[in-house]
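A, B, C and D label the chains in the order they appear, each numbered from 1.
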Amino acid sequence: MHVNTMTWPHGAKCAVLISFDFDAETLWLSRDPRNIRNLSILSFGRYGSSVGVPKILELMRQEEIKSTFFVPGWTAEHHPDRMEAIVKEGHEIAHHGYLHKWPNPDDVAGMTEEIDRGFEWLHKTVGVTPLGYRSPAGESNEPLLKLLISRGIVYDSSFKDDIVPYRQVMPDGSSGLVELPENPTLDDCAYGLSSTTTPRPLFGKEHVLGIWQEEFKQTYEWGGLFILVLHPQVTGRPMRMAILRDFIKFTRNFSGVWYATGKEIYQAFLAYERTHLRKAAAE
Amino acid sequence: MHVNTMTWPHGAKCAVLISFDFDAETLWLSRDPRNIRNLSILSFGRYGSSVGVPKILELMRQEEIKSTFFVPGWTAEHHPDRMEAIVKEGHEIAHHGYLHKWPNPDDVAGMTEEIDRGFEWLHKTVGVTPLGYRSPAGESNEPLLKLLISRGIVYDSSFKDDIVPYRQVMPDGSSGLVELPENPTLDDCAYGLSSTTTPRPLFGKEHVLGIWQEEFKQTYEWGGLFILVLHPQVTGRPMRMAILRDFIKFTRNFSGVWYATGKEIYQAFLAYERTHLRKAAAE
Amino acid sequence: MHVNTMTWPHGAKCAVLISFDFDAETLWLSRDPRNIRNLSILSFGRYGSSVGVPKILELMRQEEIKSTFFVPGWTAEHHPDRMEAIVKEGHEIAHHGYLHKWPNPDDVAGMTEEIDRGFEWLHKTVGVTPLGYRSPAGESNEPLLKLLISRGIVYDSSFKDDIVPYRQVMPDGSSGLVELPENPTLDDCAYGLSSTTTPRPLFGKEHVLGIWQEEFKQTYEWGGLFILVLHPQVTGRPMRMAILRDFIKFTRNFSGVWYATGKEIYQAFLAYERTHLRKAAAE
Amino acid sequence: MHVNTMTWPHGAKCAVLISFDFDAETLWLSRDPRNIRNLSILSFGRYGSSVGVPKILELMRQEEIKSTFFVPGWTAEHHPDRMEAIVKEGHEIAHHGYLHKWPNPDDVAGMTEEIDRGFEWLHKTVGVTPLGYRSPAGESNEPLLKLLISRGIVYDSSFKDDIVPYRQVMPDGSSGLVELPENPTLDDCAYGLSSTTTPRPLFGKEHVLGIWQEEFKQTYEWGGLFILVLHPQVTGRPMRMAILRDFIKFTRNFSGVWYATGKEIYQAFLAYERTHLRKAAAE
């Protein structure tokens, strides 16, 4: 019975990636394009750029942790000063589509436009050519994966099927992207994003920390990869900034926790693959 | 990287606006006009006038806090005695549409009728010409903002994009309304409003206070504006009156908390703008 | 500013009605008639008769509390032995439609059939002519109220607009039913009923008791009417029977709590009306 | 007033069946066949086979508890190594359809195909002819029950109408399957499964253990059957494995708890039926 495994650098017991999906207004525009006229709904998303990103950058600086920001091209285009601030602080910028459109395998042209315009604006605003990609709404399909490979993306973080990184295998048996899989429990939207059309209940510090700390303790025991998927428009709210700060503090009590960016985890996987998995990856 | 800031009057550290959306039956009529015949669903809303408002006025008197009631014209028309009681206690009355209809940018005539009939009934019942406006369901659009300005509204409280008041900038670059932005976590409906058609889960004191107290602590640290968006038909229920009372008590432990009405916060912003932001506002 | 008031018998401080909506399979048949063939969904409801009612009768006997069971005619027709057991224990039987159909004001013939067949089966099975009525799903309308009056119903428990009983006023100004208003927080379905089509979250003892105890403490302070709306298919589950038992135990710590049936509360209101409200009711 | 009863083997006070619905990708394919192209949504389900099953087998071995895995034929077909591992550990394999399609009483041909292909793949992969069946999504109907009987299934675990096993009676009065009824509160999906299309809230250890422990305490008191309905893609997540481990530990504090497979409980019922219920079953 095969199960994927991983050995972390520096003798670390587990890896933590605190990632941010800086969707801003695109989270709402992709749900319904008519929201372009609904200024108040857009203002939900704009909180991410007006307050969320500055507060997050401040906390990450204090905590001395580098993270990865997955940014739709539209967000870069409309909030270039936030992009510059993120890059200046030394965080990684990764690809998150252009308008946060959900990938549709029947519309390859549309997917291609999303990917190419995403690259275009990350480059135009901060001169970045991203190595990593996370799919809007976490959806993915084979044509999209092929497209990402053809454009130079080397790692993905959209799947939910493991607790360690692994190399995707394409349907034709060829080698695909390196996957940094997510745990759906670690997405702040599940606890802090509610709107008129999606009236999800809201949960506070005790509830969220209760879940994240337990997931962390076990993932640590298992030697896995722990990816927080946070959104500046959600985690940037006063209480949720405190939750993130307290959660980081909690993980400081564990020895051998490797805080890393997506790119660093990708590189660690490459090294592991080279020494342990060469044959499997070559199949 | 520009971020909005604010200095509060009297050396206060943060401002608290305990606002009430006195929707009464309109909350249900705006969701589905056929509810006019569904007396039991309407009775949900009527609780706000029969019990909610009297209980709230009693508590606010005991706490010696003045608040702002955002009232649809229909509510004023059908519950004039409640309007008189609110005004007699010295609270501010602000605009909240006529029938709580969600603003539709493609129906400017309909929006205009909502606004004008709202003004009409606030004036007819208690002689008030409101200065502030909150959009039903928090939705807003450019034609609506222009309409509000043309009718003499000077501040709005419908957006979610900051934690301090700010001056809206219209698409043509001209100066717009003063915005008192909300935090969606501070709306009592998220915890206490459930119905057959929207079966949201219900949460009690520990859950709600847990969230509101944490949001307050951080907003206080940040020097922000803390707006509770309460509904007499929700917060007027026995348990939720106790939650509000306990929350106010909690905030009394902090020094430099300025409890204010929407109008007072608007005026404080004007003063701040005059001294600190004149140039920015003029751009 | 008029608010309804009430004086309870025996100098009691508040009244508690522990009511049961014994819907059984009708809860699911009324949502979708095709469920008649979906035996597993029906089994949800049947739990109410197979286990719920026997367990509830046992607890109420131990607690020496008489309650009111609102029973659809279909339930009586299909579970006559449960009806006999309820009546034998001295509980009140009240009207709850025939097939738990939601009253539709455009279908007076349909509503009439529901009411008349409801009366028929309560009489056929246990010889009861009910005095009280609760609407399925809590919906109500003017034609229904007229119909209920014409059939001899004297009290209703479907509205949510007060915390004390009151006399309904019909649109033509005439005197209507006595209303025993509900508080939506006190319905067990809000915490314990989830299904594939309505995937509500489930809550346990601490959550439910937290809410019910706080609502009780405040309702007691206010001298109000506290109506639990319980369903044998929900509260009859092991954990929820313990919640009900613990809640009753909690209320025993308060002096002056009057546990009563719907009929007894109706009679108490009549006495209060006769002495305090005669003029108002006659208007 | 008849109520079902049960006497457990070995003088046990109650029975516990820790069952797993090993749906894997079929949970998502049955909701929407187009998900076959949505690799990321499928990856949700694949977690059940990649990580969930190995982790669960490890825990059950440590706890020395045998359980029943309800497996759709499609899952067996695509994850034969996981099937072999389950069987090797001595757990029971039961029937759970082929593609997890919801039984439709108007499509007997479709239901028949689901059942027959399910049998086919359980046999092809691990040589098992299952005795028990659980319906996908817990739905059931008369044609399906007849079909199951004709194919040799002897027990079912899809209904929610009792807390002890019982013999189903078919509409024509003949004797049906033995039913091991579920309690909907004991399904891990209610607390740990959320997706973009079904944004259920997520709950952690304290919440879930709070409910399961209370349900267990009362079910134990009542001498009932306690069936956990777990999914490797949900309970296989780090935190939820700890919840299951802690829950099992909690039940170890009670004497007379019989941990059994579905088949063992079925056999215990047969013995009980033979001695106590022969006449009733023969009716």
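Structural remarks
Assume a residue touches a chain if its C-beta (ideal position, glycine included) is under 8 Å from a C-beta of that chain, and two chains touch if they have at least 3 such contacts.
Computed from a predicted model, the values in this text were never measured in an experiment.
The chains in contact with chain A as well as with chain D do not exist; no chain meets both. Comparing the residue numbers each copy contributes, chain C and chain D share less than half of them at their mutual interface. In the Cα superposition of chain A onto chain B, the rotation angle, rounded to steps of 5, is 90 degrees.
Rounded to whole angstrom units, the spacing between the C-alpha centres of chain C and chain D is 35. Averaged Cα coordinates give chain B a centre that lies 50 Å from the centre of chain D.
Within chain C, residues 201, 203 each touch two or more of the remaining chains.
In terms of which chains touch, the assembly is arranged as a closed ring, every chain touching its two neighbours and no others. Within the complex, the chain A residues that touch chain B are 37-41, 43-44, 46-47, 50-51, 54, 81-82, 84-85, 192, 194-196, 199, 201-207, 237-239, 241-242. Considering their complex, residues 1-4, 105, 135, 137-142, 145, 158-163, 181, 183-185, 190-191, 198, 200-201, 203, 207, 210-211, 214-215, 217-219, 221-222, 224 of chain A touch chain D.
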